[in-house]
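Since the structure comes first, as structure tokens, the remarks are kept for the end.
Residue numbering begins at 1 within each chain, and the chains themselves are lettered A, B, C and D in the order written.
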């Protein structure tokens, strides 16, 4: 992956090559759910998911857990990018405001509070220009891991 | 699926056959993530996930979004079971208290407040007898859908 | 109090006289804590508190409950203003980001989601131009009370 | 105040004299709102408020901010008692489940997670044996202040 990412604060947007590195490294839940990162700098992280039946709950719309996972993933990457350190999620508070059966969810993580030991990021999720969910993600930054 | 589930409040535990019906109907995100329901009555819903690398984030432990999705899924099923009506998640507030790299996460949804139009369920998640996450899930119950 | 407030959605900013009406009617906890409302229209509510030792916790800074109460009060007034109906707080999620020992806390309530039956307002609180707390206030709007 | 409180983890319940010390020291917002502490040991803190019109919002019931402040105050005292260190609230998540116009609110703070650097306490608030609010209070414990 990008040699800058996770070791030093990101000051300029990641290049396409660096973004590809983040996405190919970001396996696990992000890959399982199809969460893709499309933009990262120190003050904003963007990404998206294309909703399919694999994301649904019984009634045929996206399970609320999908929005939480998008918020967790983008907020965590944003915190790592801004701090240049490992960041651990402590609290994920997601408000579910709309429903999506299919199509793209676009998400952006924005900083609310970037402190020395804790961060708070707000992740806004949109479908067809309508806000469908927000996540407030509180993280602890582990600075003294060497 | 169980003819009782979702149409009338559940008073006695679902039978094994009825649970199998819930699990086979509960496709989508629950199936994608391997969330299985093992017990449902009107006052408690239990389930579990066996954590694999498909649930991880970059550092090799379960992505926080997994816990949120477990909380969302169990809390929603619990609300439907208790109310006999459709329930829609409004707020998913998940505290991340431990880390799990592999093995089972056992979860139980317990009622905090079961009102006419809103429910609050607390979902506790354990790994090897240690509490690793809690979700407070607020739902709106849609009673007058006929 | 303003004959418009609480009965019809507010479209234009409240006049000074109407604001005075809101403040003189808004007794109880708001008055006990010195929360003053300085601006209300349908899309924004502003107010402030001057912190004194009466707001402190043991260590000599404002008790976190003060920020929650500011968020609850401004968010509720904002929801009533926007909806023209009674609004009841369901969840108050307040992040405590800084500390204030004395001086003014300026607060603004901004709409995140204004739905038919529920609202979500974000209340930002500042001290000397620094963000010290945010409240996400979820409310239910009681439309059919006549 | 009690020489034990805030400097060493509390293992046995505070005596009446020690409780009086906590209450007389706990000025500021707790005194302004009439929050009284009635029991403290390392695993539970109890207290109460007698609701008066000074706690109301416009519609004549207790302002939601009152419940948040009770949760903040009891959860903070509980964290200090359990850790023997200074604890700082980071997130106050309060669910408002009932309404109280007058009479006593009894509250109890129970540990959800007591870690080295963070705590999570759940504060349950009752009126006439009915659960009317819960606060999940996340705190950071400041261990290395000497």
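Annotations for the structure displayed:
The criterion applied here is as follows: a contact is a pair of C-beta atoms (placed from the backbone, for glycine too) under 8 Å apart; a residue touches a chain by one contact, two chains touch by 3 or more.
The chain lineup, named per UniProt: A, B, C, D = PaaI family thioesterase.
The shown structure was predicted, so the numbers you read here are calculated from the model rather than taken from an experiment.
By count of C-beta pairs in contact, A-C exceeds the other of the chain pairs A-C and A-D.
Mean C-alpha position of subunit A (PaaI family thioesterase) lies 23 Å from that of subunit B (PaaI family thioesterase).
Chain geometry summary: the mean Cα position of subunit A (PaaI family thioesterase) and that of subunit D (PaaI family thioesterase) are 34 Å apart.
Computed from the mean C-alpha positions, the centre of subunit A (PaaI family thioesterase) lies at a distance of 30 Å from the centre of subunit C (PaaI family thioesterase).
With touch defined as above, residues shared between interfaces to two or more other chains in subunit C (PaaI family thioesterase) number as follows: 90-91, 93, 95, 138. Taken together, the touching pairs cover every possible pairing of the chains. Partner subunit C (PaaI family thioesterase) is touched in their complex by these residues of subunit D (PaaI family thioesterase): 25-33, 53-59, 62-66, 68-73, 76, 86, 88-96. By the touch rule above, subunit A (PaaI family thioesterase) contacts subunit D (PaaI family thioesterase) in their complex via residues 90-91, 93, 117-118, 138, 140. Touching subunit B (PaaI family thioesterase) in their complex are the following residues of subunit D (PaaI family thioesterase): 93, 95, 97, 112-113, 115, 120, 131, 134, 136, 138.
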